[in-house]
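Labels A, B, C, D, E and F are assigned to the chains in the order they are written; within every chain, residues are numbered from 1.
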Amino acid sequence: MVTGWPRADIAAVDELASFGVATVHEAAGRIGYLGPGIRPVHLGARVGGTAVTAVCWPGDNLMIHAAVEHCRAGDILVVTTTSPSADGSFGELLATALQRRGVRGLVTTGGVRDVAELHAMGFPVFCAAVSAQGTVKATAGAVNVPISVGGQRVVPGDAVVADDDGVAVIPRSAVAQVLNDARTGVEREDRARAAFRDGELGLDRYGLRKILAQQGVEYMDYRSYREAP
Amino acid sequence: MVTGWPRADIAAVDELASFGVATVHEAAGRIGYLGPGIRPVHLGARVGGTAVTAVCWPGDNLMIHAAVEHCRAGDILVVTTTSPSADGSFGELLATALQRRGVRGLVTTGGVRDVAELHAMGFPVFCAAVSAQGTVKATAGAVNVPISVGGQRVVPGDAVVADDDGVAVIPRSAVAQVLNDARTGVEREDRARAAFRDGELGLDRYGLRKILAQQGVEYMDYRSYREAP
Amino acid sequence: MVTGWPRADIAAVDELASFGVATVHEAAGRIGYLGPGIRPVHLGARVGGTAVTAVCWPGDNLMIHAAVEHCRAGDILVVTTTSPSADGSFGELLATALQRRGVRGLVTTGGVRDVAELHAMGFPVFCAAVSAQGTVKATAGAVNVPISVGGQRVVPGDAVVADDDGVAVIPRSAVAQVLNDARTGVEREDRARAAFRDGELGLDRYGLRKILAQQGVEYMDYRSYREAP
Amino acid sequence: MVTGWPRADIAAVDELASFGVATVHEAAGRIGYLGPGIRPVHLGARVGGTAVTAVCWPGDNLMIHAAVEHCRAGDILVVTTTSPSADGSFGELLATALQRRGVRGLVTTGGVRDVAELHAMGFPVFCAAVSAQGTVKATAGAVNVPISVGGQRVVPGDAVVADDDGVAVIPRSAVAQVLNDARTGVEREDRARAAFRDGELGLDRYGLRKILAQQGVEYMDYRSYREAP
Amino acid sequence: MVTGWPRADIAAVDELASFGVATVHEAAGRIGYLGPGIRPVHLGARVGGTAVTAVCWPGDNLMIHAAVEHCRAGDILVVTTTSPSADGSFGELLATALQRRGVRGLVTTGGVRDVAELHAMGFPVFCAAVSAQGTVKATAGAVNVPISVGGQRVVPGDAVVADDDGVAVIPRSAVAQVLNDARTGVEREDRARAAFRDGELGLDRYGLRKILAQQGVEYMDYRSYREAP
Amino acid sequence: MVTGWPRADIAAVDELASFGVATVHEAAGRIGYLGPGIRPVHLGARVGGTAVTAVCWPGDNLMIHAAVEHCRAGDILVVTTTSPSADGSFGELLATALQRRGVRGLVTTGGVRDVAELHAMGFPVFCAAVSAQGTVKATAGAVNVPISVGGQRVVPGDAVVADDDGVAVIPRSAVAQVLNDARTGVEREDRARAAFRDGELGLDRYGLRKILAQQGVEYMDYRSYREAP
């Protein structure tokens, strides 16, 4: 259990979160997305926070309990297991303990349970499974060590952004730069949206016709297409 | 990129869509369903349209941009990749461009992102994944060629029907016949529903007791069952 | 088709259901959960009943029709197939027949269709897939034999509890004991919830610090951690 | 840990095994097959024995160690976990202990490791995964209780047959009948094989043309097929 | 059941097969590969033939029996199901019937059984699963209609090539062109192989350094990399 | 593309490899295993080396070509993609280039092709898929940056060990310690093997009876078990 990790600036994290996961992921150079396997149980939340990490043994949530005391206001707890496990290692009692400390949500490569209760108490969870299967508290793991989720590295203190598109993690040291790029990206998207509403094509806006031509893409009438050998 | 495909009659497609995917699939002789892997992100939509198709390289959405100019009012864009890819190749900017042209929705074997925004703008998407993972625009594919999704062939101009049960595609040349059969099917279902509400059993209504008897199915008391070797 | 199975006491089943799947599963000693693969189509239901079982051939729903006449008020129909099949073997017509008889819901290892209509009529379904793919009525299976779902045994007459966390099955003979333990469990959870709201840690409440110490878990500053070989 | 289960007659089990999994499964009325997810690591073995069962916690092999003392000559150890786990809970040390006692092989819904060594020592394993991931010995489960694998019930003492097609389990009380039916089945297959070698068609041998005709299957020239609407 | 499809020239198919699946797939413009889900059961075969197709109901092999009489020397039978099914619908008896007719192998999106016997008789199978699970002969499908496997269209008479890399299908009308391109491709590969053996880099041979430079890829010492923010 | 990473001592890596993946993983404290999803295509190899890493775009092998010039004798190339892709981005031409440089094998989260040829040339590959699907060379990624595979971090220069059990990666800085622990572990295993051959039980050797007793595990006759409520 490692202590004292510096956390990303929470105001910056909050602004990042307001842009949403897809925009943040693009601003970061298309890295940091934890993949389509980690989903919100209920759609509609958008949340940001600073990462506290826990590594559990499969079928065991001892280290989630151990992680609680490492959490403080503005954090998001990110849980993984040493080998894949969908068991419901997190439920509304643990959420109660985390909510008391100002924690904003849970991200896990495993399962959660009590999802109706979690939704009622306004505690967003992003997980690989919903499972009522209970866990033991027998085998130790680690708290607040760097972990890997979906091929991405999550260091304690990193910025975590989560919404209906899933979860993205931005290294603490990159938050300022990504925030800046995200602001620029949003403006660029605003202009593109306006142009598309006016009928402009992405083919023209992004100069893609040249790429198609270089690769030999041509237009052909469907009758000719059907007669091709 | 193939042009000029004749489209299914949009009024017929609209009536088909009103019956829902399951009824249309049955009326077509139990073909055309794209499988349980393509799901709506938000439940509650029911939509029909004529197919425009795009084939993308994995991790690349160049051909979705190329497909936009092939779309017109009443179309549904159907996207696949040359090998499986869950990346979020479609989001609210592309949806804006399509909505401007009167396109009614997106079907994809890949991933979508900005799903909260897509829902807010009323653009239904049916997909294999939600993923914020961004894509490049580097490698060409094809637009408006026949494609295969879930073992079903989708030819540009075919009728596409989508709702909470998934997506079905009906060949343009079969739309009139399927529409006719669907009308008959709905009436038959109405009568069956009324009968079931009155307590009739499917065993009797569909003459199934004979099939059970032919295959040697018998009734046995649970005490005898337990004592069987 | 086996008849006459004694059913679990419906009042006890109802009280069990009120506790929810996760609590019931814990009270039963962490058994009986059918796994994270069986999910509600729409979130928000919580239901209990007594099991009627059906075993179908893949792509065939003959035995679901055969099972209807075995169902009565308070039952939940539990369906499996002899080999995995996601086909939509259950829809609103069958639900109409079941609802007429007072059946409270469906649990299936396969697929369901007409899910918008099922939701509208208030008939909860818990399934492995949503699929419009139709089925035939050609091959016999069994009704009201013990089946295995998710590694758990389901005997006709057992108590079935289902909610947003999935489905749990409690043997009829164990219902009284599990109900008793669930009541105690809920009280224990109530006390834990109150304690967690007051800031107590699970580490202390459950005596977990000792386990961590026994396994050599120590606290380390992040700077020391980074410098470790 | 349950003791004293009567075991299927080992001579009968040996003869069953000689017929192979597919034939035994057919003779049993197409039941008892543990599914395509449990595979031999190396092809080429064919083995039969009597079941000893173990239920482990995920990531934990305590109960495999506990099961060893329940095993004797002619047994096959059948292992499952309370929730899915691919961890390598079994390797060559445990195989050494089992081989010493005359155990003939291992079947597991989990993972094995040391597979090169297991092959070298001639100990066949049938598993869902190969995984070097180690396990702990911290949480209890059960030994020699009935378990469910792939939707099939395995009772201690049942006959287990395994080969390149996977694993089948026959209830102890049914072994004599299944053996009898398997002998008949093999003779029937011998005649069919000879007939097929002589050029007879299954369509004729099994009277299938009638079924095709009843369902309206017709022959059509490919030119007519292509011109159909 | 459609008859009379013209078959690809068998001498051309044989030469294609000699090049292997990967080379043929490249020569065809990277199309026609049936995907990584269809695998040989035993490694080491390389086979080519002309496609006969069958569409079965899940859990049913009636149409495989019906397809046998459509097969002749040089064919490869390609089987799919109307919805996914891993059941062992094909075994050594059917292989005996096919081998008698000079059929060279089986490709199926489903399962096969008797795999030890199939290997012993030298009949190669390429499948999605090995499963002893038996099938019925109750529900009709189709023989020799175009089917879709892995997103690729298979028309009766097309060239099928299969080896340890899986299966590729080349449209009959494209066989001559693909054969020509494959010959050229093999020569190009021979030269590249020789160059690589001499130490040339693909970066240089294929002019890839320019692409890397255009996309801003640079070389950086690992010490600088570690110090980057 | 990062250069100059120090590599683990090759003699130490070779000795580690001789112990096999499972033993090395245990000696490392049960970390570093890349999971059961990465498998050898042909069984029978055991290899060790130092990691060179490459990150590719899905469907693109540009960075594998770029990685070749970073490889030298004793290396193993470890490839991943920015999002999951099974395409066959590696074949015998690339293997020829690597083999020329003394590279000992390939590990990839993606697919390989030409597997018959790779086996013939004695170049071991450990991969998630075999796929003939070809890739382009259009989009840049990275070479020799730390990557995450199966939840484990792989830093260039780390020790890679691979055999029939899969792949394990040991941090360069930990190699000496793990080697030491592995030697001790092998001796401990040798003693356990001898004891098990003599009939000792793991229950006794590892003191597990106490754990069973603490958790309330008891022996019960099967007749009592059957009569329990």
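We adopt the following convention: a residue touches a chain if its C-beta (ideal position, glycine included) is under 8 Å from a C-beta of that chain, and two chains touch if they have at least 3 such contacts.
Predicted model only: the values in this text are computed from it and were never measured.
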item: Relative to chain F, chain with the most remote C-alpha centre; value: B
item: From chain C, the most remote chain by mean C-alpha position; value: E
item: Whole-Å gap between the CA centroids of chain D and chain E; value: 29
item: For chain B paired with chain F, centre-to-centre distance based on mean C-alpha positions, whole Å; value: 41
item: Sequence positions of chain F contacting 2 or more other chains; value: 30, 35, 82-84, 86, 131, 133, 138-139
item: Touching residues on chain D, where the partner in the complex is chain A; value: 57-60, 82-87, 131, 133, 136, 138-139
item: Residue ranges of chain C in contact with chain B within the complex; value: 1-5, 41-42, 62, 65-66, 68-69, 86, 88, 91-94, 96-97, 100-101, 111, 113-117, 119, 129-134, 137-140, 142, 144-145, 156
item: Contacting residues of chain E [partner chain F, same complex]; value: 20-22, 25-26, 30, 33, 35-36, 39, 43-44, 46, 163-166, 168, 189, 192-193, 196-199, 201-203, 206, 208, 211-212, 215-223, 225
item: Residues on chain E engaged by chain B in the complex (per definition of touch); value: 30-31, 35, 80, 82-84, 146-149, 151-153
